[in-house]
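One structure, as structure tokens, below. Some questions next.
Read from first to last, the chains carry the letters A, B, C, D and E; within each, the first residue is number 1.
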Amino acid sequence: MTITEKKVIQETNNDTILEVNNLKKYFPIKGGVLRRTVGHVKAVDDVSLKVFRGETLGIVGESGSGKSTLGRVILRLLSPTDGQILFENEDITSKSNRQLRPIRKDMQIVFQDPYASLNPSMSVQELIEEPLIVQTNLDKNERKKKVNEILDKVGLRTSDQLKYPHEFSGGQRQRISIARALVLNPKFVVCDEPVSALDVSIQAQVLNLMADLQDELNLTYLFISHDLSVVKHISDRVAVMYLGRIAEVAPKREIYEKPLHPYTQALLSSIPTVDKNSRREKIILQGDLPSPSNPPSGCPFRTRCPKAFDLCSEVRPELKDMGNNHYVACHLYE
Amino acid sequence: MYQYIFRRILVFIPMLFALTIIVFALLKAAPGDPYSKILDPDLDPSVLEEAREAKGYNDPIPVQYFRWLSMAAQGDFGESIRYVGRDVSELILSRLPNTLYLGVFSLFVTLIVAIPIGIYSARNPYSPLDYFATGFGFFGLAVPNFFFGLVAIYLFAIQLGWFPSQGYISVSNSGGFGGFLDRLHHLVLPGLTLGLASTASYMRYMRSEVLTVLGSDYIRTARAKGLTERTVLYKHTLRNALIPIITLFGFEFGAIVSGAVITEGVFTFPGIGMLLLESIGNRDYPVIMALTLMFGLFILVGNLIADILYSIVDPRIRYD
Amino acid sequence: MEKTPILEVKDLKTYFYLEGNKVAKAVDGVDFQIYPGETVALVGESGSGKSITSLSIMKLIDKPGKIEGGSILFSGTDLISLTEKQMTKIRGNDMAMIFQEPMTALNPVFTIGNQIMESLRKHQKISKKEAYIKAVELLKIVGFPRAEETIREYPHQLSGGMRQRAMIAIALSCNPKLLIADEPTTALDATIQAQILTLLDEMKEKFHMSILLITHDLGIVAEHADRVMVMYGGQIVESTSVERLFENPLHPYTRGLLESLPSIDREVERLGAIKGIVPPAFNFPKGCRFSDRCPYAMEECHQSNPKLLEIETNHQARCFLYKESV
Amino acid sequence: MKKRKAWLSFLAFLFIFGILTACGNNEEADSDEQSDEGESQEESILVGVMDTAPTGQFNPIFYEEAYEANILSFTHESLLTQNKKLEFEPLLAESWEFNEDHSSVTFKLRQDVYWHDGEQFTADDVVFTYKSIADPDYIKAGGVRTSYVTKLVGYEEYNSGETDEFPGVVAEDDFTVTFNFKEPNVIALADASFPIIPEHIFKDIPVIDMPSADESLLPNKVIGTGPYKFTQMIEGQEYHLTKNENYWQGEPQIEKVVWKVVNQDIILSLLEKGEIDFVADPNGFQAADYDKVDSMDHVKIIEQMDFGYQILGFIHNFRTEEDMENGVINPDNFVPNEKLADKRVRQAIAYAINRPYLIKGLLHDRGQVINSPIAKQFEYFDGENPEQYEFNPEKAKQLLDEAGYVDTNGDGFREDPNGNEWVLNMAYPKGNVIREKSAPIIEEMLEEVGININLLQPLDMSAYVEQLTNNTEWDLYLLGWSLSTTDPDPSGLWTAADAYNFGRWNNPEADALVQKAITPPNAFDSEFRKQVYSDWQVMFQDDLPALILYVKNTLYAYNTRLKGVNPSPASFLNDVHKWYLESEE
Amino acid sequence: MMETNEQLSVNPNVPDQISNKAQKGKTPLQLAFGRFKKNKAAMVSVFVLLFIILAIIAAPLLTDHDPEKSNLLMVEQGPSSEHILGTDSSGRDIFARLLYGGRISLIIGFSAMIFTLIIGVILGSIAGYYGGKIDSIIMRAADMMLILPFLLLVLVIVSIIPKVTISIFVTIIALTSWPSLTRIVRGTFLSLREQEFVLGAKAIGASDLRIIFKHFIPNAIGPIVVNATLMMASYIIAESALSFIGFGIQQPTPTWGNMISEAQNLRILENQPEAWIPPGMAILITVLCINFIGDGLRDAFDPKSNKR
């Protein structure tokens, strides 16, 4: 196992590009005769985190953990219910769409589904050019140049730019998505499960590309995925989400080598692995994820936690600094 | 569920209320009144004026409307103007069953024709019968139904004498099963005419739904369980394919009436469609208002029934 | 292990006839055996033909697909020669199948109980009541604590993992000899995936079945299979025991796959990606089907398609890099 | 298994449907009792047809439409009837006697007349009928026949509710009744010939409730003195009349007369197949079908001139906005319609229209041109003296030229004498196919002589009449009039203050003639009246409030197995008690 | 999650990687057109319809008769060399009326469709894009329209307006039939709203108008065009039905609808088939063709659907 420390992990880096404080996103549930709001789906529930310039923060969680919603709220594609989002120290929590427009240049998103995330009626050139049209005053030729540059960067033939998305394979479409996201030279990119829909061999291609581009363009990634292996591969730090909360966040070595939260432990153990020697003892969790509209009291994980005790059902554990930049929300570590 | 129905009904009320206002305004905007049509040199026009006065047609329109509304709220829709001495509710009720028979019959025919053929076509796409059914489907949607009705009368009633051309019942009808058959006999031509277009569209719907369902994962599961093709088709496919059809069916409930106007006219079938047409021509305000309210209610209830049926057939749908 | 195989597939060919006279050779000459009690994994990327292979075994290929050749010997009978009616007696009874998408694989309009009992009553001459008792029992076995309630519930009322358990209950209802599990956990979350795979292992023991496990996840293969076959371009390119495959993968494709896999155990700066994409089944390259992506491709590879040869004992590969060991 | 289920649900459906049907039938079964037993094969049934269903109001004092009249002609009778020469003849009254100044007439009633329910017909029934029409609630209840009572003595007092006494119609004894008019009345006999309703049936029913009483609506409850009883109905579809065995003029020979309601388009086919026996009132059959009907061997045609005509009306004057608002027709306030003010223009239009051509093309020659608004059937009709307006487009052009309407801008249409655009708006109503067809043809004819016509959207009758009464845009209108058979008096249609004088023709001289013709005592001299009317007809044709387009022939057809047919000038349904069926061999 | 349904791999949608020669890609519209061209029924229909359109455009060349000119001396004549299809009950040349009537029927169908389209697309887009209050107002209005008796509306409009011209007639149809199209557009927009590419457009800061015009409408065009075609067919039928009950285009202006409804009389039905069969067939064929084309378009835009 060669571990190349490609970057010094930003344990000391204070250059925060994004800061999220107590962010909440509740979706109302309507009910009753008058269609009143009778409850909320707490998709993101009191999340605070920092993303440092140049790093990749991985967010892992199962479906329903709120990780995608978090990504979208951070980009203000959804309005937060409560909390604060600071992008480059600017509060963007309550900016209007118009006010957001110049900021959007610096923050972009790559989606999961390479079939749904590209407008099928636009050619590759139009797709990649669109951000330039919306955000810049470049003339046609300049835009064309930029498009060609970025196509080259993501490994697509410039001759392909008159084609339409349906003419490309999943991997290539994801490259187009990446090109579209990067053409404005953003500082920060939310990658929402960008490789989940791809085959293994293609996944590797795209992951390599993303890593290369990060180095080249000095990007900061918020990398959302349910695949712990992929997250481990690409991230510098990893946050584990469960039912809209962060259960544990730490630099990747910390979290993969000594996971503290029982959920992280179970999650890691459940990954089937090719390497016989490193196979962990399986911790099979009982039951399903509880509904985010009605999360358990206290610690949301207590219903499935093999180590739960009385306190867990009463008090909600807060993220606690365990040193080494390792934070965990669990009463075991009080 | 009950909450849902209750809520929907709450929504009906303002809609129907608005409907009555609009219709009343429309009626008053249209020139003429029930008496303006009476042209009789023997008749002193001042009598008509007196009659107008007596019926309150010279009052300000809002006054007339609220008079109507307060009566209607008590369930009294007044007396027909043209059908002198006939209570509107009684008049409508005497016609309603005929239209219902016609509608039910045509829906029934539609279903028993459209569903099996639709299924067959989906099972055997591009077979001769499929092509025939498709052709029929297109034909059914392309032929104006009054025209179809006339040709049907000409061929089947007059030339061949198989079915009565007019009316809804024989005089000798004395009820019982014979009476039932007699009614059916009268319903055949108008029923087919009324149902032609919907049969055609149901057939096409059914075909495409069955094709869609046949391609779904759970049908593969059903086959993998070793179920026979029959079970797969009639249990697993049909139930799912019927979901959108049933929804259509509910909407059709309200649409019957509008389709019936023309069909009833062609077959002099004394139902509410014809009554509506006549009443409009005669400006029989009380009848039009009551009919409008009823049709509005029909359509709304039809939609509600569609929703309810939908939730019954498809357990995934829950209204609350 | 040298018993008679429960399933023996020989030279299976399933083609799809597409518009424009294109023929997609989705499965093109597949041979393998499954012995009683073993779990055989069929692994490959999308488009490799692994799912079509499993559906062909069940004879569930729909138009425009057609089984064009080969034989499928199941407990000695050639399924190819059976009529549809005879097939219905085997499907769900001796040979059962579970699918990837538990969301769509269950009929949304019938209760779980209905769908289990239906299978029971089709294959076993039992009363409704007996079927009910058996269904409750099955649900309990696959891990529904409240089986009596679940049996009255509809699929949409269950979570993905629970639905897959229900699917397993249906599949197990008649004690099949062979269970074909087509990507049974792909759509599930990691923790649920672990539950289901563990359940399948337990069930295999309990019901003495063989399992044909179709997956793209080499991790699952490593942990749950006895033998593994790697498919590419409608053909098996490598076949051996699980241990051998991961210790000494022979085929360049297998190697590429393993290298491209990020792992929580190893750390690499770059993943070893295979260039290009899986070719569509109607347009394979000439010669070896992997030749256009293969880093070792030789002149020969572009000319003719190699045969699946026994390179080492119980280890076959389809590649010109190796010679038959016999 | 599955199949059985499907069958079961089908059966269930049949069952439900059957119940519905059975329920639906009960009501009809009630009214059916009598006929059930009489449903023997030998029963002679005559089937008549109408194209529109009656509204179901079978009380003569409240019915409004001709379709109900088809039933009432069989069931109810008046004191008098008219013969072919339109002279009054006795019916329920045996004889009558006027007083000297014709202000009062006394009828001796027949003593052998019984109502359908066996009660004897008496003078009280006559009094009751007229009192009901004069009742204060009569109009409110929906009645419109007050013209029969307004001339009677004491009407106002009775109608306003001031008194219970109505001296207008008085029973002298059981079989003598006297009508007292306020003034000498030229049409006293017409006024006295309203169908009589039975007092004993209605006496306890207030007039306001009369139209909705079962006795006005339901078979077997509707009671008259006529040769047939109304015994059964399938509403909107069939109406059955069964013979009145005790009819005072002798038992009718035909057991049952059935009226069927059939879509106009297929009536003839049914006639041809013998499924219906006669096509008659109110519309007869279409002229276009004449040849077809004529070719049916078993069908006989009766063709007679219609009691009415179609007109092309000229709007002479408009009312002021104010008058319209108040519903007043005051000739003094009339505003002339400048576009048609010149008599020569109207005459030109009359010359420009080829009426024989319309009759040939649209009526297939089953009609004729008349040049007077008085029905030709009356002796007062003057066929010679009035201007005949034979088709003459040259004359039309010449008249227009003379009047100064010439095409100055070369667009093919004439401008008015001031050189302004001159477009005549022509309106017509829906409801009469032939009239609807004639409108564009008339437009063509007028454009032929250079008159620019703007043909308006046809309106349904209610809207049309409303607009005709109140708008100020129209110039030409099409309309048809059916005339009263009792008297030729043209007032009501053509005098200046008449509501139905839609053209607002205001010719005081003509109005004076109309008044003169009905002013006693001279009015009782028919020669005098004839002369006055002749003058008036000449004046009418000269001033042209309207051009009489044509009188169509009414075409009745009946199966030759029906014998004894003897239509009156106005109706096929005459002497129906004498009808009989040729026994089939 | 993997795309593991392997049958997808044999779906013709999977790109053909080998042919990299093609420099310029085909737009989805072009692709749809390509699929459309393969649909025999639809292509035949296109040609038949073109033929019909050509014939009615060339009407003055094909006949010398004025379709509105009556001749009462030549009423209900059978076919002759002078009148190819004979004359109607006002002595007008049926052949000329057939040709000129086709113009009007098609113009009515087409312009009513366009008009409905404009209303439907605008209201549907607004409702589907913005949702919320505006959406519920528009949808309530659509519901109201649904329960409003059509006949009454027509009657009132017809009796208020002195002359119902084609444009007024078209307006009436459009005003009463926008709700269905509005619903379709709204539905399509609602589903598009959930698409990631729309979020993506928002993420780059695109304006609402840009999103509607660049991202929604081009992708909603399929269902809109398909429904528009089918609507056009139904309007041609509706015109004839309205003629039947007397609310159609006024005589002497010919339309196919009022030609048949004028012949709705057993005498003509029996004796003069040349009076009703041609307009009947013209409606039938035209509507059939339009429906076939609509269906072809549906299949072309959505190859997965098997609706016919």
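As a working rule, contacts are C-beta pairs under 8 Å (C-beta built on N, C-alpha and C of every residue); 3 or more make two chains touch, one makes a residue touch a chain.
To keep track of the chains, here are their UniProt names: B = ABC transporter permease; C = ABC transporter ATP-binding protein; D = Peptide-binding protein.
Since the model is a prediction, treat every value here as computed from it, not as a measurement.
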| item | value |
| --- | --- |
| Steps needed, at minimum, to go from subunit B to subunit C via contacts | 1 |
| Remotest chain, subunit C as reference, centres from CA atoms | D |
| Distance between chain centroids, defined by C-alpha means - subunit B, subunit E (Å) | 24 |
| Chain centre separation in whole Å, for subunit C relative to subunit A (CA means) | 32 |
| Inter-centroid spacing, subunit B versus subunit A (mean Cα positions, whole Å) | 54 |
| Distance from the mean Cα position of subunit E to that of subunit D, given in whole angstrom | 46 |
| Touching two or more other chains - residues of subunit E | 1-3, 14, 17, 155, 159, 264, 266 |
| Residues of subunit C whose C-beta touches two or more other chains | 46, 216, 277-278 |
| Residues of subunit A touching at least two other chains | 169, 199 |
| Of all residues in subunit A, those that touch subunit E in their complex | 72, 75, 77, 97, 100-102, 104-105, 107-109, 111-113, 116-124, 130-131, 134-135, 157, 159-160, 162-164, 166-170, 177, 180, 184, 196-199 |
| Residues on subunit E engaged by subunit D in the complex (per definition of touch) | 68-73, 75-76, 89-91, 155, 158-159, 161-164, 246, 250-252, 264-267, 271 |
| Contacting residues of subunit B [partner subunit C, same complex] | 215-229, 231, 235-236, 239-240, 243, 313-316 |
| Footprint of subunit C on subunit A - complex, ascending | 1-4, 6, 62-63, 169, 171-172, 199-205, 207-208, 211, 226-230, 232-234, 256, 266-276, 278-279, 282, 284-285, 288-289 |
| Complex interface listing, subunit B residues touching subunit D | 30-34, 36-51, 54-55, 79-87, 94-95, 97, 100-101, 104, 108, 150, 153-154, 157-158, 161, 165-169, 171-177, 179-180, 183, 230, 234, 265-268, 270, 274, 281-283 |
